[in-house]
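Order of writing sets the chain letters: A, B and C. Residues in each chain are counted from 1.
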Amino acid sequence: MQNMTEATWLALQLVLSGDADLLEIVALSLQVSLSATFLACLIGLPLGALVAISRFPGRGAVLVVMNALMGLPPVVVGLIVYLHLSRSGPLGFLGLLYTPTAMIIAQTILIAPIVAALSRQVLEDMHSEYAEQFRSLCLGRWQAMQALIWDARYALLTVGLAGFGRAVAEVGAVIIVGGNIDHLTRVMTTAIALETSKGALSLALALGIVLLVIALGVNAAVQGVRMSAARHAYV
Amino acid sequence: MSDAAFPFAVRASAHETSSRAPLFPLRAADVRLTLGGTAAIDGLNLTLSGDGITTVIGPNGAGKSLLLKMLHGLIRPDTGEVTWGGAPAESVTQRQALVFQTPVLLRRSVAANLDFVLKNRGGDPARRDALLTHVGLAHKARQPARRLSGGEAQRLALARALATDPEVLFLDEPTASLDPASTLAIEEIVRESRDAGMRIVFVTHDIGQARRLADEVVFLHQGRVLEQTQADAFFDGPATDAARAFISGRIVV
Amino acid sequence: MFQRTLCVSFAAIVAASALHAQEQSIIVQSTTSTANSGLYDHLLPIFEEETGIEVNVVAVGTGQAITNAENCDGDLLLVHAKPAEEAFVEAGYGTSRTDLMYNDFVIVGPDGDQAGVGGMSDVEAALSQIAESGSLFASRGDDSGTHKKELSLWEASGVDPSTGSGEWYRETGSGMGATLNAGIGMGAYVMTDRATWISFENKQDYEIAVEGDEDLFNQYGVIPVSPDHCPSVNAEAAQSFADWLLSEEGQTAIGDYAVNGQQLFFPNAPES
């Protein structure tokens, strides 16, 4: 328990002193995880929408796979991406291993299924309300998908948050493909892992508190947007 | 609703002069539809042609809404066939629109609801304001559609249907849950559309409404058409006991 | 608007990462002890100042470091498992292996010292005693340099710890720091390199129990990855870092590094 008090104090000191290394790590964490969330939404939302409004043979199996992929272990994703981006791997020529780009790729793969599966659920619920009206208006599949995604945008923000939360909190994938290189690929979680392995538990915990505060901030911002949307009955 | 000229070109002459296939006669031939083991539509035959407003009336459960959705193309009959101008209707076509009993409005502003339809159906975006004025919602353009009252929501749904520039407009008890003033407002817009040359098929179980609107009456009972006559003739002297009972407010079984 | 902002920021991110890659830089696949003890934080600024070459350190266990280097994912290898290092060079993955520095391993244990090995300097005898007393022993179990060393010591002591696996012999399968955390958490003896131990901050009631045996000698070596095997390596920059480490200046810098007044690594590069 003494660690906890010490860690809180340390976290406060780190933040208030504007520690340059900490700021760099926080910035990279946000850069990597927000980029991955953005890309995962780019992939996952249309996919979720397509499955939400489509009926085809084998759809049940697709849903099971989509939902199961939400539980992808980060280490496995990291390994798969490593094997592809490694110099001896098929994409080695790109020279992406141990760069933030590699970390973004790994996290995108990790959370795209989360975005797809959760948005599928959100959009399917909304589609059951809109479907007859859309058919009556002779809307095509693409038009319906766009309309659903736009109308569900505030609910989908929460889906994006779930993805972001998973990305910013995971360590297994980024430590393998990023290498936890100081001033290059060190992010909050890999820094926490490193300090833990150095036995600097209070510092590790302090970094954890900072990470928690960042996550709180992002969530509060989204919650603010949602509440203003709710006032307009857009939710 | 407004004194402004009808804000869109109904193709009153379009189906006569254009190369488009004729829509009429619209025919349902021996259609059947079984729902939950009972025949909801039971060998129904109906032919619609010409102009004006046809009201489809009948007691609850007569199959009015199902018939409408079948004509519109949302539901396919188990057996039998719906044809437009002799051609089989495979699905909803672009030349007709339907207003549902409960409008499903997008989670957007009133104006954006119309923009959406105009954009996706290739309409002129500039028509939006005229449509809103036409249904008396111009002052609510920027408000969230889902904050509208029941009557306003239904007027927006009507404007949305009109935005698709339909030659035939189906309405499924659009005023069932509205107050008298809102009901009259809807009826006024429907009449104006008729006067501009649009063919209207209006489902209602409100006899007063049918009297106010109908040029032609189709009386539905137990999934079949019992009567189809001119409105005056129907209300002056219905030919069947069931219709007589319905008009006089007695329960018919 | 929102989407456009996102797009722009994403483009900026990609551009920034691309910029990073263009600088003259090398990747060192390193054992964790050198990184966790802070040695690189001491050495790299000096080297980077002189040459402008950016050195990026990936700190993993020796086993994984060698595998990564074999996959051409590093320009230089800095580890501590001489037989594996020599095999690496022999197989053509590295140009040449050179002794860089040494320190030693120690066995740390809790205050109570259940096995009674405190103060011993015969490591084989101490290990047998730990095994016989049934005291807990936490092993890296991760094919790292330290793990390999530990296994060779068990073999010399005539005890086969795998028979006690899961009972008194606990293989954490983790890095040195994680194994120390785990071992201290369960009251087990742990073998660690001295550098990691000195700079380790979660010692609690643990102290060094066994030290001073010649067999606990811990030699670090440096190997540039061969450009013949990996055409993508930055061979020139890797070689200049290796040369600098082995130079008088680099050796002095290694010897100067201390934590809490204690020297962690002892340079022993062959005189050139």
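What we mean here is this: a residue touches a chain if its C-beta (ideal position, glycine included) is under 8 Å from a C-beta of that chain, and two chains touch if they have at least 3 such contacts.
No experiment lies behind these values; they were computed from the predicted model shown.
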If a chain touches chain B and chain C alike, it appears here: A
Central chain (by mean CA position): A
Chain whose average C-alpha position is farthest from chain B's own: C
Among all chain pairs, the one with the most C-beta contacts: A-C
Cα-centroid distance, chain B relative to chain C, in whole angstrom: 79
Chain A and chain C, separation of their C-alpha mean positions in angstrom: 32
Whole-Å separation of chain centres (CA-atom averages), chain A against chain B: 47
Sites on chain A touched by chain B in the complex: 129-130, 132-133, 135-139, 143, 147, 150-152, 232-235
Sites on chain B touched by chain A in the complex: 72, 74, 91-94, 97-98, 100, 104, 106-108, 116-117, 120-121, 144, 146-147, 160, 164
Of all residues in chain C, those that touch chain A in their complex: 6, 10, 13-14, 16-17, 20-21, 27, 32, 36, 40-41, 56-59, 68, 70-73, 175-178, 180-181, 199-203, 230, 232
Residue ranges of chain A in contact with chain C within the complex: 31, 35, 38-39, 86-89, 92-93, 95, 97-101, 104, 179-182, 184, 194, 196-201
